């Protein structure tokens, strides 16, 4: 399940949706808006997403992770719009029988989502400037 | 910060205690009581801990993780007593500037905690039997 | 490159939208592939972004730069992504 | 092994406590190391657990099986752990 929303992400509610009596391990990742990037002070971030392809590509990523690291449940939510320092921008949760698959699937999902989903981030700096962030990992991805 | 408690672990409250304006990545692990182990149906689990040494050894583990994978904040809570299927037995949370350290530190912490902390788990099976669980990883650990 | 003019709806996202000054526009282009569309819009808007880290979709399907475009297609131009 | 009798408070945890039938007991032992204490309590309670995956602490400090024990020490015997 992958979702795009402009509302605050309720991480606890998302986690409850992963409940599974066979699950012994749960791993989650959250991307938080931080106050600094590449040495520049950041005041807030603006996220733009193209939802139809975020959903389509996100489903592929979840399916790939399931094949590599068989998990029981996984979900992902990405927020859009204007976010402040400390806000939750992306949430990924994975529940599995044992912890190894939970960690590995969660890591795979967030790594791929960041490289493949049509989502863009504009940083608004403390000095009044702003700029779109280019994906640090795209070059590495292209070379695979 | 490491804590042992017989009360329900409030994961959201624990997470809030990790807030840090410089944190861009947060990884957490939760150990849930599952309904099966080694092919036997489990009804509930009983955890026993020797708190003074759980705290002392847990602090060492957090310090080791910090040296290997510099993070900003980390916490761990382990529950004791009788737990039902789906209950949260152990919680680990790590916040760091980037996601790589958050994932690696979180994994290091839970792996070491499971091998080194004086905590024992008694399984109560559906057939009325019960038994103490031996650490699956101890053999590997001894050989390091 | 095909010699015939095609009517293409081009949609711009993020940085590309700001460069173009519009979110989408319908263009008559002499274009055979997604790459042709990208380069002609780049000329049109004076953008210098190479296509290396950019992505393209045709009619809501992720595509390659070499994918053919047809009359009536919608081409989505994605600048480098940065989710999370 | 030292030849003198020592008074040792032995504490048992989890499976060991169930085998011993008590959580702790004060014993007069002819023991030089933590290993000696472990083996003598094992004999005493008819337990067959080898010390391989077990751990020991002396006076609330994690110790080795070869660590010396002194008169008045508290020795904590930990069966294989299984946290999480």
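The first chain written gets the first letter, and so on, giving A, B, C and D; residue counts start at 1 in each chain.
What we mean here is this: a residue touches a chain if its C-beta (ideal position, glycine included) is under 8 Å from a C-beta of that chain, and two chains touch if they have at least 3 such contacts.
Keep in mind that this is a model prediction, so the values were computed, not measured.
The chain with its Cα centroid farthest from the Cα centroid of subunit D is C. Remark: subunit A and subunit B have CA centroids separated by 24 Å (rounded to whole angstrom). Rounded to whole angstrom, the centroid-to-centroid distance between subunit B and subunit C, based on C-alpha atoms, equals 49 Å. Averaged C-alpha coordinates give centres for subunit B and subunit D that are 26 Å from one another. Chain geometry summary: the mean Cα position of subunit C and that of subunit D are 74 Å apart.
Under the contact definition stated at the top, the residues of subunit D that touch 2 or more other chains are 84. Of all residues in subunit B, those that touch two or more other chains are 31, 99, 110.
The chain pairs satisfying the stated touch condition come to A-B, A-C, B-D.
Across the complex, subunit B meets subunit A through its residues 11-12, 15, 19, 21-36, 85-86, 95, 97, 99, 102-103, 106-107, 110.
Of all the residues in subunit A, the ones that touch subunit C in their complex are 31, 47-50, 52-53, 56-57, 78, 89-90, 110, 113-122, 132-136, 138-139, 142.
Residues 13-15, 18, 52-53, 55, 57, 60, 62, 76, 78-84 of subunit C are the ones that touch subunit A when the two sit in their complex.
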